[in-house]
Amino acid sequence: MKLNRREFLTLSGKSAAGAVLFAACSIPEKELIVQSPVDMPEDLVRGVDQWYATNWSEGAPGDGILVRVMEGRIKKIKGNPDHPITREGSRTIYDTALQVHYNPDRLNTYKVRRSKKGILSNTSEAEANKLIFEATKKNKKIVIVTNPTKSTSGWVSKKFVQSRGGRYLTYDPLDQYNLYDALNDLFGSYDLPIIDISNSENVLSFGADWIGGWISPAHYSSSYGKLRSENRGFFAHVEPRHSITSAAADTWLSPFPGTEAEIALSIANVIINEKLVSDQQISDFLKIFPDGKIEYGYNPSDVEKRTGVSADKIVEIARKISKGKSVVFAGGSTSAYTNGKYNTFVIYALNFLLGSVGKEGGIILNPKVEVDYIDGSNKSNSIKDWQEELAQWRAGYVDTVIIKGVDLVYSMPNSLDVKGALANVENVISFGTSMNETLEASDIIIPETTFFQDWGAEIPNPLPGFKTISLQQPVVTKNSPGTKSTSSYVDKIIELESSLGSSAKSLVKKIFDNEFNDSDNGGSVKAGDKGGFLNGVQQRGGFWNIKQTSDQKTPRLKNPFKHSIENTFSTTNDSNEFHLIPFTNYLNNGKLANIPFAQQIPDPITSAAWQTWVEINSHQAEEMGIKEGDIIYLKSDAGEIQCLAYPHPAVQPNTICVPTGQGTLRGGRYSEERGSNLLKILSDKLDPETGSLAWASTKVSVKRAGGNKKFPKFEGTVEAFPIEPGFPILIVAPGETAHEAEKKNHHKYQEKLNLIEKDKNNNHNGISSEKN
Amino acid sequence: MVIENKDRNWGMVIDTDKCTGCNGCVIACQVENNVPLNDQNKFERGRVMSWMRVERYWEGEFPEVKARFIPIPCQHCANAPCEPVCPVYATYHNNEGMNIQVYNRCVGTRYCANGCPYIVRFFNYWEPIWPEEMRNHLNPDVTVRSRGIMEKCSFCIQRIRRGARKAKEENRELEDGEITTACQDACSTQAITFGDLNDPESKVSKLSKDDRSYTLMPHLNTDPNVIYLASIKENKEEFQEEKANSHD
Amino acid sequence: MQQRKSVTQEYTNSVLLNGTLETPKWWPYLVSILSFFVLVGIGLFFVQIYYGLGVTGLSRPVYWGLYITTFVFWVGISHAGIMISAILRLTQAEWRRPVTRAAEILTIFSLLTALVFPLIHAGRTWRIIYWLLPFDFARGIWPNIRSPLFMDPIAIGTYLTGSTLFLFVALIPDLAVLRDRTTGLRKGFYTILAMGWRGNPRQWKMQVVGGILLSALMLPIFVSVHSIVSWDFAVTIGVEGWHSTIFAPYFVIGAVHSGVSAVVTMMALMRWGWGWNDFIRPEHFDALARLLTVVATAWLGFTFLELLFSLYGLDAPEIALREMQIFQYPWNMLFLLFLLTGFIIPVPMWLFKRVRTNIALMFWSSIMVNIGMWLERFLIIVPGLSRKTPFVFTWESYTPSWFEWYILFWSFCWVTLLMLLFSKVFPLVPLFEQKESEVFSDSVKIGRANVPTIFREEEE
Amino acid sequence: MKVIVPIIGLGGLSTIAILAILFAGLINAWLGQPLPVLGFEQTFDQPINFPHTKHAGPVTEGGLGMDCTYCHRTVENSSSAHVPAVELCASCHRAIGSENSEELKKLRESAGIYSENNQVIVDPKKASPINWKRVHRLPDHVRFVHSAHINYLTNNPGAIKNIPEHLNIYGKENVLSSEVCSTCHGDVANMEQVHQVEPLKMGQCVNCHRENGGPTDCAACHH
């Protein structure tokens, strides 16, 4: 039997796995085939594991990860403790990348649609290459669409469209467009600052689920751990949804959606009125506002009526954060209303009042990092840009669209009608690791390598306060078990335009060669020559220089707002109207929907999995007659979807929270016909300031569809009873020992239990007094 | 010899105050230990397998409501109720303070699972389904269990063995913190600490003597090796009021 | 005191051997139908082995369900044989005579069935050698003698061995009768089994002494078997409602309750199926019903004691469990049904002689008791498991799947089939006992009435 | 007749009982040491008939006396002994060995070595792995680590078993790694065709661990 190397690897994989699988019986189902490989790669020593440092550009951009490779296969991923972004942190979804790579539904053939109305059929790499080459000739109008990224692939995309005179766009569902815009106005840079939570004493956050999934959860959740160490800092969170960040907060405030700026101004109001901070800081803050003062009507009791947040809490928070090192920040749903930018701007401006800009424990501005061969943008294009762009597509002004890393058809709102636009583009070329709706609508499909097999470099977003470049290196070979004939995006584009370089590897090499030339003291890697330097970078997963920090001293403080802006909701003209708060869970807006590991992680709050559910207030649900697992329709002005109800106590009345990510129509056995696509029913409301989609400004009507399904959740279905109050999570007051708390709880518990006894005692008073 | 003669007592300290409930430990454990995929049916039938689970408890009513989380792995009780009931000695206590589950010995009576008050033992109701491709990412250090047997958290014994072997080959003692469990690696907030409770200098034994330490269900006298640190109530004033009330 | 028609020995032989030497018309049909069901059940068992226990309705933490319930149920039924046979033999209760054989074989077959259930229940039945056989030369690991689950097979095995011997000793005279009435291969078979029985006084003496000795030996085993079964539950500290010290006697008395009821059911079926009206008579039902009344009342006392003991500790989880078991749907319905069928309906019925001597009513009431007793085990096992600890992420309820229901049905088919096959080979009513009672009986004239009496020689 | 019938009855029963016990013993024995049936063959025809005698056999007997660890390279520091890569074989056999040997032809084919115009060319693209058949197999629920065992045995030669005649290791304190293999694998150097000499069942492992104070904790090997 003749085998080439690739088949050998597959075969030995089969045999090893086969033997592993039948483990519980003493006789393996199949004899292990002992192969003697042709040559001996160093990571193929059986039983010896290697950890490689790399970076997952699409799933966890910027995070440094360590990948465990054994016998030529990827086994495990963890955060790189050495990397300044990840530090000791980690992202829950790291390990799901294994199944991006080893997905049974992974694409491994080139596909082509020969006529616009034809069907996709498999084709050879050579033919596909020919077609792609045709479609991207010099005279063609080309548009490249990717996920927001600042990396080598971004650089390649940008350079390529420049060489063809085309455009490069990015798209991200549930984007943070307003956040970038507001921060640019405040700090004069589109680079996000880093929030120094780990050194802070008081943290006040708005809308951003920064422990769960906002921008850089690995970094921020590790910061949370430090916030909760020794000098336990105070942490308040304002978000309509009860996310895990809300759960972690000492104080959770649930405002009416869209009123977050009022809370911030009210806090400012308290601080200014009570003169809790220095005059200098107050005047710094007030300078931002027209006429040097904030409008009237922000005293806490007025705000309580408009926001639903208790005035006492506002005052308490204001007093707390005005002492010590404090930081205030916003993101997520707060910046995704029609007044999203206003909200974000006002909230970040509070930092001037607290004097925490550019200071330890506050907001630390990041340097502008310009690196050759790394380009692109972390900020995606706004919906307004996209509306214009899609009009061009529809009009047939674009010959070729290259899409990578984003499922446009799935993730754009109904109102944009991407599918129709794509139908008018002559050549749609898509890269992907497995099928999705965009690939389904494409003309040429290129099976893409995963980040495990490819070279790349990326600038993390946000930077940790100094210059950092994350390295992505192949940890398994291109033809390792589990993958067949895939090609890297960067290499493919370079193939089409040879002036860009020779390969992704060469680009990365050039980047770090340049770094070696410029590296001064403070760099993370020290080496005598370029080769040694690159080796060092490969070992540590990137290069960073703690000396290269931001030199920006004076913020820009440009205020585009003359007056306060109210949020406006879309409407459905229905009596049962609810605010809809979408949120991203482990499925990463559908990117990981075909990954069983991602699908089956129970949502922390509801413990639900595998479905689209609706978090609804339990009291309100009871009034409406909605029980857990009831199938309900959500209808907005843009469409209607079906979900399962999950009533729980921590949702604001008249608000429902629904996760994105399900309802992908193509993608394989794990995601097809599962749940509903929430992104489709988002109303096309925009923030008029920036033109970005106000994805938290949709209102939906809730209607029972009749019918009830068993709700797929990890939580038990039988009602719980506690053994003792405080069990199993014992809560102690600061300074109290666990023993004391247990005793106290026990005391309470006994009181409860002795109710019967007490009744008796009431009848026989004489005995009871003796007993006590 | 793989194991050193030194009697160890592996233990874990989990700080519930730091736990955010992100489920990172759950998935990390699942990947490390080849725990079968939980399909939707398993969620609907209450057969979800996760050696580490994060329980969520509600406290209070809206708006003063709070979700609290507690991660629960096998408690590795020194006085484990699951051990005496197994008819075939498939589960027992070893000299490293761990409660061991021997998969190839297990006949699947599920008696141990009834004995366990923490319900951390899981039964393979079905043969685990791993599509051909996904078998590639199975950890070769850990047996893939078939249908019909019990399994549970092993304190990542494969990592302990690997670490101890390495130390032995390098002719040195195991250092504190050298061996980490998968859940510990995945915990962003460093809420999980793992180490030798017999070593008074280890981080874990110092933490286990913290004022906030407690164990689950002490009234059953199971003497767990997993020690929890209590969460902290932020509101000091309220607490003092309560304290004043409780003393009358 | 017992009214009966006097029957001759020839008549006894011809009627009681009608199942063995002839074949009742319904017999082949019933046997084939039951065989079909039994084979389907065995097939399903292999399906379960192949796919795993996922085919059941079990979940986490309800790891034990219908299979264990049925196991306990059949162990309970097995107590019929010894209760009737041994105790009544030792106390020389005359009315036991036609009942003993049926009770003994019910014991053996229900034990065989009960032994199968842990195997069906186990996740890896093919590895059962680790559990049931205390031999392991290759690995040097022995079974865990601390585990009640290991004591179970030993206790049941001992009980099964003893019962088989007991049955065999009582069978020998009847086998000789059969030996003398058959030819060919069958004769050879009976010849070997009859072990040279000639019916001489020495043999009779040995047979009687052997029977009495075995009865006495079996009594402690009879108590221990169900006690050990009860320890399966009583030793688990983690499950509320299980760890009760009263379980051992409670289980034993419950077993007697269900076992004796099962004997009543069987006797009614025998009377109807083979037409042994002259041998299985209303007065036997009457006597058994009186015994049942006593047993049932004692059992009810234990039931309430168990409740009382658990509530006395004022342990919150225990109280919550009882609350669920008794008041929450669907457990409350089951609990009500259990009380109704286990005691409230049948026992008042048995207070009336007209009911006690009405075979149809006795048949239905005994079936009712066994439904109740099955529910009792179910209500002990399942609610305790589904509400075990204060962890919210673990509590699941339990609905048995059709698979489990079929296996339960299978067990009844299997026991019935074994009985029918037995009846084809051995007499279901002991001939010699019948004849012996005929010899002892006479009628005494008291006043004007002729009262049938038993004469017995005084013991020396 | 009176006596014979019960004797036959009892005799039959006891015969059945004795047979059952014998059968159980047989089953147990088979489980303890699998006989070469039902897939338990202890030797195989390998794709290339590799002569261990020639390579590893002592020089006095016409072998080359090569060290085991020359080919099984990772045995000292990894869990598995490692079957050598074709390139390792080819590194010698590119030149050494008869050109006409059937077995060497197969090897050269696998290694992508062929001669063209009297020139030896090595073409890695034409190379392909060799599918050796496994002789010593442990069930997969056992985690056997070669390195740890080699490490122990080299420092404690007293525990080595099946010592081949030609090795003189008695009384030594330390021995070479290649001198301890025989404990489990027998004298491979003198086997024309490698076969399993030890049962390699759990009982054997446990006994050896007991004799040498190794861990008898189940979790030492099973996890």
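The chains carry the letters A, B, C and D, assigned in the order they are written, with residues numbered from 1 in each.
By definition in this document, a contact is a pair of C-beta atoms (placed from the backbone, for glycine too) under 8 Å apart; a residue touches a chain by one contact, two chains touch by 3 or more.
Treat the numbers as computed from the prediction; the structure is a model and nothing was measured.
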Judged by C-alpha centres, the chain sitting nearest the middle of the protein is B
With chain centres defined as C-alpha means, what is the inter-centre distance between subunit B and subunit D in Å?
39
On a C-alpha centroid basis, what's the spacing between subunit A and subunit C, in Å?
64
Using Cα averages as centroids, what's the distance between subunit C and subunit D in whole Å?
55
Centroid distance [mean C-alpha coordinates] between subunit C and subunit B, Å:
44
Each of the following residues of subunit B touches two or more other chains, namely 46, 48, 53, 55-57, 72, 103-105, 143, 147-149, 217
Which positions in subunit C touch two or more other chains at once?
124, 389, 391-394, 396-397
Where subunit A touches two or more other chains, by residue:
20, 22-26, 47, 607, 714-717, 723, 727-728
Based on which chains are in contact, what kind of graph results: line, ring, star, complete or other?
complete
Complex contacts: residues of subunit C adjacent to subunit B:
51-54, 56-64, 118, 121-125, 127-128, 130-131, 141-144, 146-150, 232, 235-239, 242, 385, 388-389, 391-394, 396-397
Show which residues of subunit D lie in contact with subunit A when the two form their complex.
39, 74, 77-80, 82-89, 110-112, 124, 127-134, 137, 139-141, 145
Subunit C partner, complex, touching residues on subunit A are 24, 607, 714-724, 727-728, 749, 752-753, 756
For the complex, which residues does subunit D have touching subunit B?
77, 139-141, 143, 145, 147-148, 151-152, 213-215, 217-220, 222-223
Which residues, counting only subunit A, touch subunit B once they are in their complex?
13-14, 16-18, 20-26, 47, 70-71, 73-79, 88-96, 98-99, 101-104, 106, 211-212, 217-218, 221-222, 224-225, 228-229, 232, 234, 242, 244-248, 250-254, 308-310, 481-482, 586, 596-597, 600-602, 604-605, 607-611, 617, 619, 648-653, 674, 710-717, 723, 727-734, 736-739, 741-742, 744, 747-748
